[in-house]
Every structure is written in C-alpha cells, then in structure tokens.
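Dropping a structure here in structure tokens format, bear with me for questions.
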Amino acid sequence: MSLVRDALTILAVCAGAFFFLAGTVGLLRFPDALSRLHALTKADNLGLGLIVLGLLLQTEGAFPALRLISVWLLGLLAGATVTQLIARAVHPGGLHD
Amino acid sequence: MNAATLYGLCSAVLVGLGLYGLIIHPEPLRKILAFNLIGGGVFLLFGVVARRGAAAGFGGDPVPQALVITGLVVAFASTALALALLVRLSSEPGRANLPSEGSGEEPMGGGPL
Amino acid sequence: MVFDAGLAVLVLGVAAWTIVARDTFAAVVGFIAYGLLLALVWVRLAAPDVALTEAAIGSGLTGVLLLGASTRVRRTKNLTAGKEPAAALRLAAIGLCVMVSAAIAVLVLLLPEPAPTLAAPVAANLAATGLGNPVTAVLMAYRAIDTLLEVVVLLLALLGVWSLAPDRLWGGVPGLHYRADPDGILTFDAQLLVPIGILVGIHIFWVGSVAPGGEFQGATILAAMWILTTLSGLVDTPSVSRRWLRLLLIAGPAVFVAIGLAGFAMAGAFLAYPIEHAKLLILIIEVPVTLSIAAMLALLVAGPPERSLHR
Amino acid sequence: MANFLLAAAGFVMATVALALVRILRRPAAAERIMAAQLLGTGGIAALLLLAEATGVPAAVDVALVLALLAAFVSVAFVKSADRPEADAK
C-alpha cells in the first residue's frame, strides 16, 4: 500500500517538476509578453498543484493536509492577481512600464 | 566541507559584494540596497554559527537565531527610515539655497536648530 | 550538499545582480528574490523561525517599501546625478572587498571546534518558561530586554519617519489615498486575502510558543494585510494624530515595561517572571506587543504624513 | 524518498533560476515581476518539498507566508507603477 502511495507521489512530483520546466521553456521561447504570461501560469497552477498533490499522499492528519492545500490556493490567488495585473500592464491602454 | 561551512563562505562573499556596491554606487537608493545585502551576509554568518552549535536536540543554537530575528526587524526599521529620508530629500526641489521666508519649510539637513 | 551548493550559487548570483544591474527597479526586484532565496537557506540551516521572519520582513515588507521608494525617487528625477566612480577607485574598492571577503572566509574556516553553544542551557531552562519553542523562549524570557529595546527602536524609527513631514502636514494622514474599484481585481483580492491573512497571522503568532513562529512573524503578516486594505482603497490610513492609533502603538511597549517592573516585586529583577506564571505573563506581554508591532510596521511602510488633517 | 524529494526541489529551483537569468535582462518592468512571480512559486514548491524531505514541518508555514506575501508584493508593484496623484486638499 505504501509502495503504491510512494509511486504515486513520485509520479505527481515528477509531473509537477515537468510543468515548472515547461513554464521556464515557455518564458524563454515565446515571442510576446502575453503568451509568456500564459506559459507562466502553467507553472503556477499545475506545477505547484501537482507537487502539493504528491505531498498530500505522504501526509497524515487533517491539519497538515489543510495547510498544504491552503498554500496551493494562496499560490493560485497570487498567480491570478499577477496575471491580471501584468496583462493589464502590457495591454495597450493599460499601464505603461 | 559541510553545508554550514559552505554557507559561511557564501556569507563572506555576500559581505564583499555588498561593500563593493556601497562604495561604487553614487545613487543613495542603491547604497541602501547594498547595505541590506551586507546585512543579509552578516545574518547568514550568525546562522552558520547557530547551525554549528546544534546541541541538546535542537537543530541550531537558539540564541544567535533569536539575535538574527531581532536584527532583521531592526534592519527593516532603519531601511524604512532611510528610504523616508531619501524620498523626502528627493521631493525638495533645488536645495542649494535657503527658503526666502520663514514659512515653516525648513531646509533638509540644515544647520543646528 | 549538491542542493546547498546550487542554492548558494543562486544567492550569490542574485546578490551580484542587485549590485551590477543598471536599472534601479531591476535591482529592487533582484533584492526581493535575494530575500526569498535566503528564506530557503534558513530552512537548510535548521532555523525555520528565522526563515519565517526573512520571508515576511526581509522579502515581503522590505520589498514593498523599496518598490514604492524606487518609483517615487525615479519620478522626481534623480537627486544625485552623481558621477560614475573612476577606474582607480573601482579597482581599489574591488581590492578592499576581496580582502574583507577573504578575511571573513578565513574566519569561517577557522571557527573553533567543537563550536561553542548555548543550546544546552536553553534546553535545561526551557521547562521553566512553559514554552516549547527555544527561540521564542530566548526572545521572551532570557533576552527579553533585547526584545523590549527592539520594540522601542521600531517606535523611534516611526517617530523619525513621521517627523519628516512638512510643517503644514504635521499630524496628517500618511501615504496617498487610493480609490477603490468595486469590480477590480484588487478589491476582490483584498476582500478574499485579508481575512485569510489575518487567520494565518494569528496562527503563526499562536504556534510560536511551541513551534516556529511568534510575535514578529505574526505581526508582519497582520501589517501586510493592513497595507493591502489601504492599497486596494477599502480603508484609508488613519491620521497619525488619532488617539486610538497612538494608544495602539504604545500599548505593547507599555505592557512590556509594566510587567518588567512588576518583575521586581514578583521575582526580584527587571523582566523576571515567577515560575508558576511565566507562560501566562509572556502571553499577556505578547498579545499587545504583536498588535503594536503590526501597527508600527504598517505605518513605517506608509511613510510620513502626506495629506493634511483637515480635508 | 527523501533523496528523491530533495532532488525534485533542486530541479524546480534550477529551472526557475534558468528563467530568472534570461528574464532579468529584459527591459520591461512587467517581465521582471513575472520572473519574481515564477521564482516565488518555485520557492514555495521547493519549500514544500524540503519540508517533507528533511522533516521540518515548519517549512510549510514558511511556504504559506511566502504564498500570502507573493500576492501582496505584486499588488504593491502595480500600485507603485500606477500611483494616483496625492490629493492634498
């Protein structure tokens, strides 16, 4: 049982790490700011989410699990805010900088 | 070489880097940044000393760790004061001469009161 | 070990960027990254209490302070217009800094073995404080006088910042007034984030007695949430001459000093706690001190008064 | 398991650092904040992995604080780039 759980953790963490790599590649390769932003949100939402999922399988008890999930939700919120604000900043008619 | 020594050497380089920035940059804001960089290096040195003093079931000596926490807060307070001074100074147009009338606007950094 | 080496290289790289970057704003972003990476280093050095403080103050609040200052100084045109240093000075500076670094590096390599430590006495007396976290015990019991003085330093720094206000704005309202946009992301963010943040702040403060966390870390988060509400325009910063604000600022240090003086009567020394009530007294000090520190930190970020009292 | 998680943390930090090196050179301020955001997320992920790998559960609290302040710093960034004029009446 614990072997299956470990295998699932490794799978999820690897997938999460892959999305971080994908986010980096996108950030480096995409031509304009908006599509780079699109790549960045993949790392934020999916990479962190998958790593949290993998670690959830290793934790016992409700409180540590709740803490992990709230880290992910806060990360999502931060990502969503930044994405909104930066999109407005790079969009013509928005902020210029 | 263990991790603590590694970070100790890292802190030595950080202090050097910060000192260089403090000397070289003419802009006050960059000097404040560089000074904070030195601070980070010094705190890290304390952390290394704390880590080496791990004993009695603790991962590190709690006394230097507590000192660093105090230091971080004080560093923040002094940075805030320095930045407020800088912003105030930069908002004063042409400080080369004294104000013509005593209308309350005192020259920044003026003579003894 | 490989991880540590990589992390150290990354810290050094970001620090070097902060120094060499041409643009001040880029250097500020570099500094925020530096604080964030140092938080990781503190976890590696088995100092999670410090990691929390670094993440909250070193990276978060200092970052916000620097971001605000960098745009304002840039906007009002550079006041220095200083010249680039000459090559000779640059070389001399490099020489000096290499020597300083080398001296510290040698000292690090020559640190005494076995390392001197106060961990054992702290552990031996931990039970007497009723606390489970040795760092909190040091801050609140063995070196409580340092902590008291630190709160006073914060208060003095705040008075210093306030005294930078021009005479006509004396006792006015710090910072700028932000208009709330009811449909904007910022309003949504503040409404969602602030309650969660206050909860996290109280959690970090509360676990400080038994686990990493404590008053400074909790207070920083509370301060950040206060600043967020003013940034989003939901609440305006109070004028600095408000009586409740001044009472809030002074409550922490006052209770701290009062209990310290009571220590003469109860246990025969300044800031000495009688053993049977140690934990309760520490808690009575910590709650107002945390609230006072939160207010001080938030007002330090807000800066000197910029709007007059009579609007 | 611990070694794997530590390696994963190292990998995440390495990819993030790679992005950081390239992005910090670009001129636009928005891109720099993007880089800082990516570093923040990477740091949070690395902290969570470290907490499990080295058995320091408090590192999760550090990650929690970072996640909370990441949103805060980004808000402050936009506000500082778009400061309304002082209405000193």
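First chain written, first letter: the chains are A, B, C and D, and each begins at residue 1.
Please note the rule applied: contacts are C-beta pairs under 8 Å (C-beta built on N, C-alpha and C of every residue); 3 or more make two chains touch, one makes a residue touch a chain.
Please read these numbers as outputs of a predicted model, since none were measured by experiment.
Contact count check for A-C and A-D (C-beta pairs in contact): higher for A-D. In terms of their C-alpha centroids, the spacing between subunit B and subunit D amounts to 22 Å. Inter-chain spacing, taken between the CA centroids of subunit A and subunit B, is 33 Å.
Annotation: 28 Å between the Cα-based centres of subunit A and subunit C.
Averaged C-alpha coordinates give centres for subunit A and subunit D that are 11 Å from one another.
Residue positions of subunit D touching 2 or more other chains, listed in rising order: 29, 33, 35, 40, 56-57, 61, 64, 68, 71, 75, 77-78, 81.
Across the assembly, subunit A contributes residues 70, 74, 77, 81, 85 that each touch 2 or more other chains. Shared interface positions of subunit C, defined as residues touching 2 or more other chains, are 44, 46, 49, 70, 72, 186, 189, 193, 196. Working note: touching chain pairs come out as A-C, A-D, B-C, C-D.
Interface residues of subunit A, counted against subunit C in their complex, comprise 70, 74, 77, 80-81, 84-85. Within the complex, the subunit C residues that touch subunit A are 185-186, 189, 192-193, 196. By the touch rule above, subunit D contacts subunit A in their complex via residues 1, 4-5, 8, 11-12, 15-16, 18-19, 22-23, 28-31, 33-35, 37-38, 40-42, 44-45, 48-49, 52, 57, 60-61, 63-64, 67-68, 70-71, 74-75, 77-78, 81-82.
On subunit A, the positions that touch subunit D within their shared complex are 6, 9-10, 13-14, 16-17, 20-21, 23-24, 27-28, 33, 36-37, 40, 43-44, 47-48, 51-52, 55, 58-59, 64, 67-68, 70-71, 74-75, 77-79, 81-82, 85-86, 89-90, 95, 97.
Residues of subunit C that touch subunit B in their complex: 1, 4-5, 8, 11-12, 15-16, 18-19, 24, 27-28, 31, 34-35, 38, 41-42, 44-47, 49-50, 53-54, 57-58, 61-62, 65-66, 69-70, 72-73, 76-80, 82-85, 89-90, 93-94, 96-98, 100-102, 104-105, 108-109, 111, 115-120, 122-124, 134-135, 137-139, 142-143, 146-147, 150, 153-154, 157-158, 160-161, 164, 166-168, 214, 216, 293, 297, 300-301, 303-304.
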